Amino acid sequence: MNTQVLPNTLLDEVQSFLESRVYPLEQRLLRKGLGALREELEQLRAEVKARGWWCPPLPQHLGGMGLSLTEFAHLSERLGRTPLGHYLFNCQAPDIGNMELLLAHGTPEQQERFLQPLVRGEIRSCFAMTEPEHAGSNPVWLSTTARREGDYYILDGHKWFVTGAEDAAFAIVMAITNPEAERPHERASLLIVPTDTPGFLHVRRLPVMGELGEGWLSHSEVRFERCRVPLSYRLGPEGAGFALAQERLGPGRIHHAMRWIGICERALALMCRYALRRELAPGQPLADQQVVRHAIADSRAEIEAARHLILATAEKIEQAGTHAARVDISLLKFYVAGVLQRVLDRALQVHGALGMTDDTILAFWYRHERAARIYDGPDEVHRDLVARLELRRYLET
Amino acid sequence: MNTQVLPNTLLDEVQSFLESRVYPLEQRLLRKGLGALREELEQLRAEVKARGWWCPPLPQHLGGMGLSLTEFAHLSERLGRTPLGHYLFNCQAPDIGNMELLLAHGTPEQQERFLQPLVRGEIRSCFAMTEPEHAGSNPVWLSTTARREGDYYILDGHKWFVTGAEDAAFAIVMAITNPEAERPHERASLLIVPTDTPGFLHVRRLPVMGELGEGWLSHSEVRFERCRVPLSYRLGPEGAGFALAQERLGPGRIHHAMRWIGICERALALMCRYALRRELAPGQPLADQQVVRHAIADSRAEIEAARHLILATAEKIEQAGTHAARVDISLLKFYVAGVLQRVLDRALQVHGALGMTDDTILAFWYRHERAARIYDGPDEVHRDLVARLELRRYLET
Amino acid sequence: MNTQVLPNTLLDEVQSFLESRVYPLEQRLLRKGLGALREELEQLRAEVKARGWWCPPLPQHLGGMGLSLTEFAHLSERLGRTPLGHYLFNCQAPDIGNMELLLAHGTPEQQERFLQPLVRGEIRSCFAMTEPEHAGSNPVWLSTTARREGDYYILDGHKWFVTGAEDAAFAIVMAITNPEAERPHERASLLIVPTDTPGFLHVRRLPVMGELGEGWLSHSEVRFERCRVPLSYRLGPEGAGFALAQERLGPGRIHHAMRWIGICERALALMCRYALRRELAPGQPLADQQVVRHAIADSRAEIEAARHLILATAEKIEQAGTHAARVDISLLKFYVAGVLQRVLDRALQVHGALGMTDDTILAFWYRHERAARIYDGPDEVHRDLVARLELRRYLET
Amino acid sequence: MNTQVLPNTLLDEVQSFLESRVYPLEQRLLRKGLGALREELEQLRAEVKARGWWCPPLPQHLGGMGLSLTEFAHLSERLGRTPLGHYLFNCQAPDIGNMELLLAHGTPEQQERFLQPLVRGEIRSCFAMTEPEHAGSNPVWLSTTARREGDYYILDGHKWFVTGAEDAAFAIVMAITNPEAERPHERASLLIVPTDTPGFLHVRRLPVMGELGEGWLSHSEVRFERCRVPLSYRLGPEGAGFALAQERLGPGRIHHAMRWIGICERALALMCRYALRRELAPGQPLADQQVVRHAIADSRAEIEAARHLILATAEKIEQAGTHAARVDISLLKFYVAGVLQRVLDRALQVHGALGMTDDTILAFWYRHERAARIYDGPDEVHRDLVARLELRRYLET
């Protein structure tokens, strides 16, 4: 097993950095938006880089920390405790997933032009897969097409929930290149599309839970109209779109799930501190209420169960590969998303009216992390997959 | 029983009016805010008044429809299907509650100066009770004081979650006037405080779930600094503050709960329509998914159970009074708030990524109606009350 | 509306009779079985008859009380508070359903031979529908056949969960008589089969939750092997089996559901009394635990919501008929069964180790009423039906 | 880490032995009771011993397998798949806990007289702690006393839920020996009391969920009336009763929890097999129902989360000791008990009417394992403990 777990001292240093330098920025993020923080965030990123904490899961020769999946899982939990954490360490979605894809499957030219500036933090990218007209839960049903014309693909289509499209330098786009392929999973390819390509139309930032967001904290609707993409910008072989996207998602779900655990830990800490501080009457803190204590206990129990499930799956991926762990990955996706929603709900309830305001970070997560049960496959899809594979064991015997 | 239920034709006319004239405004509300709709809303209010639908629960001689509690409950359900409904009929919280208070307890002078323009819809008002420093779940623990000085009270204190304070003409304020009274419930009085009184400080609109809101769709933090309020602006006797607030809440909870049923009905309708329309693959609508169908069935079951519970309580209030129904009122408060949260959660989940956006009204309710389990007494307080009274039956025997 | 509700004095008299005379028998029922109580039960039945409480939903000219559906609903709740209640009033399942069927559809000969001794309480009967080889949730899929031979049907088949088959004088049996009928719902008929008919084989009492039970408190497996049944023993027309069974179930589900409310009320009363009496430390009763109080409050809330749902449905059946209320009936079936399970679970938990024993009646209900979510259509079937009809509204428009 | 995990081949051999030799006995156990199996069980125990599988967690020099906590956890999961498993391997509760206590704290004389025949499987024992008059959730509140008179303790008291008291050779009894000790936790001691001691009165086997049970599958009420116990039969020092009981419970909870996982696995396997076999209509298996599949997926997810939580706690106990892991142990106790109840409930529901019968093993577990949320501390006690320790972290900082 090559999962040398990170020393706790490093994890604690990171957390202490986040608590002292980053948490204090959250109120401004909530009130003024990301734009108001731009300068400070760039300084903090420079500092993170200087401390050697940059791009944790990327190899050291590229400028990363070279962490194993399990090591990054532990770090991701700490980063997740603030919405700014992953960005400051240059490992925010979807960029980190794009980096991993480009690293594994990019040509030298693609790596030089797209991967390296991404790793250096000079540009951002996005990933365009979901289409408004088709259910994201059936990923093989796509209308976006890329037809070959000479040395180019002509890309036409409509995508949404393209996270971070605003200000991104390029998108990785899933499009049908081989409509005649027999297996639906072999019809699409991934194309790298610079956002300044003519015909790359940014329609709008989507209003999500009342907010348009900004930059990497936004989700866009995008159209491609006769957008010309050089053949050399195809990532991986033709027809490999789904296989690559799937490969990208496996470790990605570990990162996400540990980020969610980080959110849960922060929510639980806020809940405990508030329960001790807030009084229902003089000398009678909320923590004296048994239902508040049980909300804390249930949250702790669910968090621990979820964390061990994720870590065990990370080990399994490292030892036996993503395919061997695909049930485990689906299973933790919906299980941990459920824990996240319940813990946030309890933390908000314990805070009472304050929980509804943006005077704490809880309401931000309450509304935006509701998406955890939807993106990367809604609960229902993962439950179906887990059940199908569970049942298969009994069919074979 | 005097609960002549409204003819269904009237209810259907109202709903048809809302569907055709009001629902289409919601997208603009979500994208541009209330300000962008001001003119249209005033025209619609004029039309509602002209149709004789104005101020439904107020007596006809004052310009209302003179509906009984049960009749208004049925109407409130229809109005609740859009966030704009109650305002258009001039029966939005907190104004309608203030009107009922002023009607029952106001002096002729108070009624002329404050009630009549409110009923006519020329001004708005607010209700200032909750304090940031004290748990709302313990309403008798207040710091806001009103000390007599000659013909005035000198009001000092700090309030928040004062709904609709922005642009309101006056506030009804709960303040300690009799700190020495033996029973904590007899220490406070209600004062009518014009918002232009010197020392009435509007601190900020609270950022609630990422939004400041506007006008009657906002919640403010307010301070009173040596604010002089004429004795004649006291509403009801000294020390009667809680008794009056309680009286105001009884029917108010029926209105609210039926408004929630209205939200549930709209959410369920959206869920059904989307399930029939949205396809997972060609010819395979979401409605073919059994878990979607069961989400629909569970929602229908919970809505019906909740509706009958509310209507039965409304009848009991009409027949035996608010006090006799106080367990029932507490019970439905937390029960229906729970139903509301679950139905909204299911409707959002069925909509997938679309549910996260403001392209439907669901996400607005999902985030803002989370407060239903908190305001007017959090779930925990109502559960405690219901249990205490349930247990008391066995103590007495 | 003809639902003259029973005077509370009558309901209270009945409950007082049950509390003083019947509850004390429960411990013997649990320890020794029904057989040990036979004599006392017959005396109590005689007393009930003498008090004029016999066969409540049957017409007075037949010897019943002539109660309306709603009236019997209220009474059924009281009777449900003990497992012996309905039997003592001669309105236990399945006999009361059989009486209603024979009353509505029996020939004069059938009524004289089968209905009258049943009403007088001299015999018992059973209803044979479910087959072990076929899912009860698909009632039209049956293997039991009744082929005509001259003046007889030759009945062959296999049934189980035939409640009260032991000692029953006759069974009403659902069997395929018209296999060639186009609509599956028109293939079966109901036959009255005396249990002493040659070929009526009582295979075994089923071990249910560890108990075989006895008499009307047991469930049997039964076989029919070339069992000759006179044509004149067919109940209603050929092919009408399902229509009649459905007709029988509508009001039956109201009775059952109110019986469940009775169980819930008893469980809640036990929970409250125990919470007040049992101490965790000297002077510290269980009722001081907030989670116990909230278990009580949640139970009260769910019981009230369920009760109002049932009563509203009973009124709808009386006013508009069983067909008009079929969604409501399905909806309350699964909703109230869920409430029952949760209330029993909470009551048991509050009783701790005692709750696991048969020193209270709770464990009996906990194990046997688990079937409430299964018999008369499992939850899943009712949810499917409710959703299908809910969705249909949007298809039609 | 010294937790050499057992080779899967051994685990598979054990499971295959259980499936082929032991599962087939379950139907007889359910129908005839333990007595009917006595001879076969003794033969199987001899065979288990011959295969070297005896007393897995005991050291090899005593005749055990010498398994570590983690190793036995894995084995306990396999054994838990049938109610007969642990007994056949001579590691059933409460005997295995008593063996561990005697091994760690018994005098040589006690070990010779009590431990050795227990390890050899010649006798059985029981553990008497809970008292009917006092809540088991407050273990320090006891009425059973042992007063010194010369070389004897005079034991007086009343206990229940003494598992396996019937036919046991001795009991280990918790009794107050030092009522004057300042700390309540230092007032009681453990005494070894042969069941043939005069004054050891076996009152009754408790009727638990309708069954008295037999032998080690029964729970008794017991009285001690001036029962003379030699001082030399005290286990450990005076006043150490709770400390020893606590020590016994730590690893015990791991064994129990993994036994529960075994039950869950068996229930899930039964659910899957039945879903594939049972048809709702020809060619339409239950497994085609999405809600059935989701019941399977949720069960698999909860089982995996629970299993990893238990195994991580076992490792922590091995590495840092029981005290360091006391929150983890409390946390998994209530968490896994909840999983167990939900999985059994789902499995039963999927089986429909069959699930209510004893034709499968599910109904046995459904009713008896309801106790999992009660014994060894009810959920509420463990939640309180977990919350108190979680909150303490924030008090200290």
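First chain written, first letter: the chains are A, B, C and D, and each begins at residue 1.
By our rule, a residue touches a chain if its C-beta (ideal position, glycine included) is under 8 Å from a C-beta of that chain, and two chains touch if they have at least 3 such contacts.
Given the structure is predicted, the values throughout are model-derived calculations rather than measurements.
Enquirer: Using each chain's Cα centroid, which is most distant from the centroid of subunit A?
Expert: Ranked by distance of C-alpha centres from subunit A, the top chain is C.
Enquirer: Select, from B-D and B-C, the pair of chains that is joined by more C-beta pairs in contact.
Expert: B-C
Enquirer: Could you give the separation in Å between the centres of subunit C and subunit D, each centre being the mean of its C-alpha atoms?
Expert: Using C-alpha averages as centres, the distance is 38 Å.
Enquirer: Any idea how many Å lie between the Cα centroids of subunit B and subunit C?
Expert: Centres of subunit B and subunit C (C-alpha means) sit 43 Å apart.
Enquirer: Measuring centre to centre with CA averages, how many angstrom lie between subunit B and subunit D?
Expert: That pair's centroid distance is 53 Å.
Enquirer: Please list all residues of subunit D that touch 2 or more other chains.
Expert: Correct list: 289-291, 294, 380, 383.
Enquirer: What residues on subunit D touch subunit B, complex-wise?
Expert: 289-291, 294
Enquirer: Please output the residues of subunit A touching subunit B within their complex, sorted ascending.
Expert: 30-31, 130, 132, 134-138, 141, 160-161, 206-211, 278-282, 286, 289, 291-292, 348-349, 352-359, 363-364, 366-367, 370-371, 373-375, 378-380, 383
Enquirer: Name, in rising order, each residue of subunit A that touches subunit D in their complex.
Expert: Against subunit D, the touching part of subunit A is residues 268-269, 272-273, 275-276, 287, 290, 293-294, 296-298, 300-302, 304-306, 308-309, 311-312, 327-328, 331-332, 334-335, 380, 382-384, 386-388, 390-391, 393-395.
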